[in-house]
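I am attaching a structure below and will ask some questions about it afterwards.
Every chain is named by a letter (A, B and C) in the order it is written, and numbering of its residues begins at 1.
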């Protein structure tokens, strides 16, 4: 056979015995996946040969070291939030990623777990002493109750498919918040919620500090991931995947479709409820507004960003989104890292060759100084504004144009920036490279002038922008695999 | 009796607004199988456009042009502006994801929703804006028979909504573009192979759906006066519910679903108690969904292997 | 491609490392430059040492952004005015809670872990205060709320560093109810809560008073996100002469009043402090508030002028936050004047010792041992035909 110009591997000869049923391109896949030479190849080979549980153990070990690196309670709280979101994304992955059922009421299971733990570990029921079960009593009760609730909620999935099931679960989710807010205020607390919940307590030891909750959550996450991985590789997992792709065909292959769907709901509910109990214990209070729809949206974003259908993807998406939202975007300096960092990252990845990248960066810097000089010459007040605190803004002072009254100019600049970005996507080639320069400069000016002054609104804006950009860049999610949906 | 009619009219007014937004949802779902979570925010943008039109012409107490002309401007600008915004969003956020699994554009839509809501928050602040309709359309117009009070604005909302729905139904049923839209909804690849310009058709669909949402926003401002940057979230959820309950992808279904939810809310508030309105309305809708699993007017989707 | 990505990752880490390293130095340069400019203006050498931070926890985005936005604007006004008057260099750190207690916990952890923050304004909701009170207590960080009115917050003892500049539900509720009974003599009334703790707390303290007086009470409930009240208004019978709306969003109250007019109902609206706002101007209504109408207080003229520029449509959530921020600012300034650097403990002690003879709220500010405002005044306004608030009575 003639050597195929498509392959670049010259190491292996193209001569191969043709196999029946295997065409040439397929036969070369083994060649193409030849490992890189040297230590990188050795590492890759070791990684491929390792089973799943050593990988999980290594990840868990890394996770366990984290509380020693983090210096204060806030960072630990960010870590706890991240682990909670990862756990929730894992649970949602079962119904959405594996079984293909759009469950918009998932947050209600989370709330159920939290309220269940709250009722069983506080003075709310049976005043004045209340019920105070230890964790090894209340957690199993809640898990079983959540499984039953998942079954009940999943029952309509017999008759409803797709978006109709989604609506029903959405009702259930909204109904939970309404229920806990308005019904039986003396038993469920009403809008005042349930307060003074016991910490997780077993055999005389209580979890009080953030560090202990971090480790407990990490252990819970690792155990859940392991259990779900085993489930994924079992008949149930295969049944879920079959039902997701084609329920009718799965039914004809003797898979009990209804039972499988109910199991998906149940398992997801149990995972969410366990996350809810830890949430209630760590927060010490639960209120109905903790479980509203915006948080559900966050869980979905985390799952899909990370890659629906993959355990690692769900965990990664949850960790990443939560750390970004709470760790980075809550402080203007760190939000600046993220902003400039992501822009630079996109440039580095998208602009090739490296000469072009350097040219654009140099041009932006020069453009900035020129514009700053011109504007300063025209009117002093237009550059009198102080780029607010941040790691490079004192250096940027002579580069960005920030007027002393930055609000109106900043708003106009923001709208112009959005239009420029849209225009950038439209044009191609040299015009695009040239248009990049003023866009980058305007982005820096708008950031320093307006966006840093309103960190709370900027936080939401950046999350929206990141979601759009990430889904356009990688629709299957970070660790997801490309799928073709048969509609 | 008067109480019943009063609540009915209130319900139909609110229901027509839900129906208009639900129409946009249904249309977009029909062609792209996408649940556009940013749709409610287009409604909010329309309401703000209408508010700024009023301010442009002197403010609610000192209008410089006659009221019918003002209304015309508001509807045209809101409809056209929000329509163009919808087309732009489709072009830049959803088109690259046309062949991705359905769940991916869901998140992009969420991102667009965050972006829209918070851009408006950044530019215009969080204060509620007040249309103050009673300053230029007085309460004394309209139908007043004894204790029954139907405001002119309510009549206008119902009238405009009905007119728009009829126009849309005729458009989809009779015109060439409408046929193209139906073809693309049925099977996009086949439509492309038949020579239909799919990109253009989808852009037109988005334009019409978003324009409807924009006009609904203006009418919400006229009827209920208060607009704020997050009003789209709840309206979007309710309209999504209406679209699905009526049978997603079906235009008359969206209308029916919207009206149903509006009337149910109104009746439950009037006759039972406002505390449990949401719970009871959810309950009714759940029962309806279980009785007719593919929505009221939805087609049972053909399952093939 | 992979090389490209690893290059990008290294560049990003380098950026972050540079940032971490230089962040301390850059903040000191900005504060040094600001400090030197104030040094030129004022002679007090302690201005440089009086550089510190105050946090604000409010729903700056989210469904009730209208409240948080106003609170933020007034806090910024207070800080600007106090920095100028005292020569201090206090900056405001924003913490967005979206009125969600779980987010409030995260924000509070952020503030308690930031050693530069010596005092916090907010949070806005009573639920959030319950969630964060113990955390603040453990960190010894003082926090003053301008809108959390649940009585349990100070009586439970779980929030040792909590203060508030507004009166409590168990005071305001019965006072309002008694006024309604004595002045308006309704046979039947409708009372609507907005499903938030502030509202439900007031409602539960008012309903028993009404029922004891033999009035027929129709208790309704709508969410704050609802803007259409026509269905509810249609339920107002001719015998219902009073509608009590203890709401937080005044614009909704305005819409309710418009719906009443449109459906030709003759009920009088009685609102509570959330409704005291330029957005609520239905003639003939009564509004009870813990704060006076600051536009009517001559000493507040400067504040009113500044507020009209920065946040024209303010209501009743801004001025208490202004007062709260002012209390913390003064505490910090007094610590600096005595030559010390402000710490959480010293600021907490100074706040406990606050004794302002007058404030923007038209009354002296002094806290009791539990954190409540001593002698919180209560004002009642009636809105006249021109939409202006006229003081009817006060305590």
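Here is the rule we go by: a contact is a pair of C-beta atoms (placed from the backbone, for glycine too) under 8 Å apart; a residue touches a chain by one contact, two chains touch by 3 or more.
Just so it is clear, the structure is predicted and the values come from calculations on it, not from any experiment.
Averaging C-alpha coordinates per chain and comparing to subunit B, the farthest chain turns out to be C. Of the two chain pairs examined here, B-C and A-B, it is A-B that is joined by more C-beta pairs in contact. Each chain gets a centre from the mean of its Cα atoms; for subunit A and subunit B, those two points are 30 Å apart. Centre-to-centre separation of subunit B and subunit C, using mean CA positions: 35 Å. Along subunit B, residues 118, 121, 275, 278 each make contact with two or more other chains.
Residues of subunit A found to touch two or more other chains are 182, 457, 460.
Shared interface positions of subunit C, defined as residues touching 2 or more other chains, are 61-62, 221. Listed in rising order, the residues of subunit C touching subunit B in the complex are 61-63, 65-66, 68-70, 192, 219-223, 225, 227-228, 230-232, 234-235, 249, 251-252, 254-255, 258, 261-264, 279, 311, 313. By the touch rule above, subunit C contacts subunit A in their complex via residues 4-5, 7-8, 11-12, 15-16, 18-20, 22-23, 26-27, 29-30, 60-62, 94-96, 98-102, 105-107, 109-110, 112-114, 126-127, 130-131, 134, 150, 158, 195-197, 200, 221.
Put simply, subunit A touches subunit B in their complex at residues 96, 102, 156, 159-164, 166-168, 170-171, 174-175, 178-179, 182-183, 246-249, 252, 293, 297, 300-301, 304-305, 308, 411, 414-415, 418, 422, 425, 450, 454, 457-458, 460-461, 463-468, 471-472, 475-477, 483-485, 487. On the side of subunit B, the complex with subunit C involves touching residues 3, 6-7, 10-11, 13-14, 118, 121, 125-128, 130, 134, 139, 144, 147, 149, 151, 220, 223-226, 228-231, 233-234, 265-267, 269-270, 273-275, 277-278.
Within the complex, the subunit A residues that touch subunit C are 72-78, 81, 181-182, 185, 190-193, 195-196, 210, 279, 283-285, 287, 289-290, 292, 294, 326, 330-331, 333, 336-337, 340-341, 344-345, 348-349, 352, 386, 389-395, 455-457, 459-460.
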